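Note that the chains take the letters A, B and C in the order they are written out, and that residue 1 is the start of every chain.
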């Protein structure tokens, strides 16, 4: 509240909060991207997304502590493992409910999230475990101190998001995906194995969430409940952006992260809720979402 | 017909004698959640809107009740009223925004608003943050009915529950409820007949919020305590589970579902956090195998039997 | 028939509870152009969809090149060499014209090249970067036909390609269909427009209430015109 005079705020504080916002935004973008792609193909809002993000971080942490597998290998391995787990879930459970109302997918994946998070909490407790930064150190940029790893996360997330965008908008597989989102029956009648495409999409979406989790591990504590609140914020992000556009998801995710960081500087108590307030405003002004098509 | 009367008498006897058979606080808690689940189900079963944020009404009403009764020293009946009106007010604001989207988006939006309320509750001083509002006194109701005793309190809670349940029943069977069903089944047709669908939906949403508030305020009254848990997404999920277990869209289902879930929490307390895992499994099993819930499946079984016999 | 490509026997199909096809029988020889005629609701489109495997519940026999396909999922059926052009055209709005064109995968050797297809439909080449659904109705129809020519499919199932189009365009589609026949494609055409069908087809099957009730070859159309008109209610 009140006027936020950025000149009175130290540049150190401002830029470090903005960096933090950018990092959060990177996770919002990666997660909302996966949610949108999965929703497009499966018609399921994947409530398990937060749990799968947590599994990604956990897999990396377990690899490091139990098997001495370094971060860089985990960054590749963990999304594959969690993605495969997602594929099993899809084949065994999700595929049974595609013909039902969307709500059932929501309830099913909510139940799965309870199971997964509950089991992790039961086995490893709910207090967090630290994960050492794979690139310690940083650079003093004059106006702020930039920890190298945090800079890396922003760049890596951006690259991953843009690669996903490219894969969907500019490749043949992406064209199958877009077409199948519109009319799966016809795409299948052209000779494309749509059920396999659906499974693959889910695996990729889940892998994306897991990769976000691995990237988050050295910044946040690795804990069973690290995805619980995050997925709820990401729902708001998805409502704000609308799920129609890949680029829209990316822009909205990063943008909201920055807004959140900025709020933390100006009026810290509102930083938790600012995204929800924006959601309320968007619902008032453009209910379909910033990048959503009407109907 | 006489069958129904017999069942009615049996239910009444059980309801009246229950506190001598079960722990009264357990019964009162279950009744509060039963009313809460009925309020939730009113929206899902009869308007077709699934709110995944109903804890915001339930939990906030508890705070309103606790604050007015404890800090402002209001009488309890006014505290309950404060809970109901406060929840209705929150329902009016969030509902007006949420009904701008439908289906799964509606669920996500209500969930997000509830999360916002949760974050606010963590920060705002009047909720007591992590500690909650403790030691809310039980005062004589209407100035003369003693409430210290759990047995007396049970009958008060039973009366409140019956009042809420009756209100829902009347509402569903009123002309207004009929219009709502028409909107649920075919919104476009209802609109073309001249009904302002959004207004009807909003009113149902506010009513559902108010009754959830009544349940939440009553719970705070029973347990002397308003807590952060009751505004959390976990409780929003629990009420969905109750309605789902009992049978979506059946009027008695949520009551049964609430007793099942609360009993599970009480009797399975020894497994600790694994209760959540069990709840998760129940969600999965019901969605995959028994979408009609206990009441729905039993009714179907009974009908099938009658057909055979 | 010397060389039967598709043989349909006792084909039944359901949409949910409603029984649509009650035993459809007909066959198509290699290189033939055959139409299914009939009034609205006779079951023509459902027949095409059932052959293609997109009707969930179907029974009877559909043999393509002598192999039974009734139990196969639609993607496997397509890979045997059948291609489908739906009534609603099914152009994807999130894909541009060329992406729409390249979407159906090649299932067999011997399909037309992209260049040949663009030669057949010059408009589409000009507009190949446009969003698919921004095309005119006629262009969308051409795209819908064009994109299944690349795949190497030997049997084309065309569902009312002339519906809602201007006479000039209908004529153009007629030319295209004759060209395709001359290139050796076998074509099963569903039509309501008998005058159009008569100009292209070798034989006509007439459907009524979910069954094939008659067959008239092109040579006999003139003497049976009264009967056909009665069937179609024109």
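The definition used in the following text is that a residue touches a chain if its C-beta (ideal position, glycine included) is under 8 Å from a C-beta of that chain, and two chains touch if they have at least 3 such contacts.
Please read all numbers here as calculations on a predicted model, not as lab measurements.
Taking the mean of all protein C-alpha atoms as the reference point, the chain centroid lying nearest to it belongs to A. Chains joined by the most contact pairs: A-B. Each chain gets a centre from the mean of its Cα atoms; for chain A and chain C, those two points are 44 Å apart.
Look at where the CA atoms of chain B average out and do the same for chain C: the two points lie 56 Å apart.
The mean-CA centres of chain A and chain B are about 32 angstrom from one another, to the nearest whole unit. Residues 45, 93, 96-97, 100-108, 110-119, 121-122, 228-229, 232-233, 235-236, 238-239, 269, 272-273, 276-277, 279-280, 283-284, 287 of chain A touch chain B in their complex. Per the touch definition, chain B reaches chain A in the complex via residues 50, 52, 97-98, 100-101, 103-105, 107-109, 111-113, 115-116, 119-120, 122-123, 233, 237, 240, 244, 272-274, 276-277, 279-284, 287-288, 291.
In the complex of the two chains, the chain A residues touching chain C come out as 172, 175-176, 178-179, 181-183, 185-194. Contact residues on chain C toward chain A in their complex (touch as defined above): 52-54, 73-75, 77-79, 83-84, 86, 90, 92-95, 99, 102-105, 107, 148, 151.
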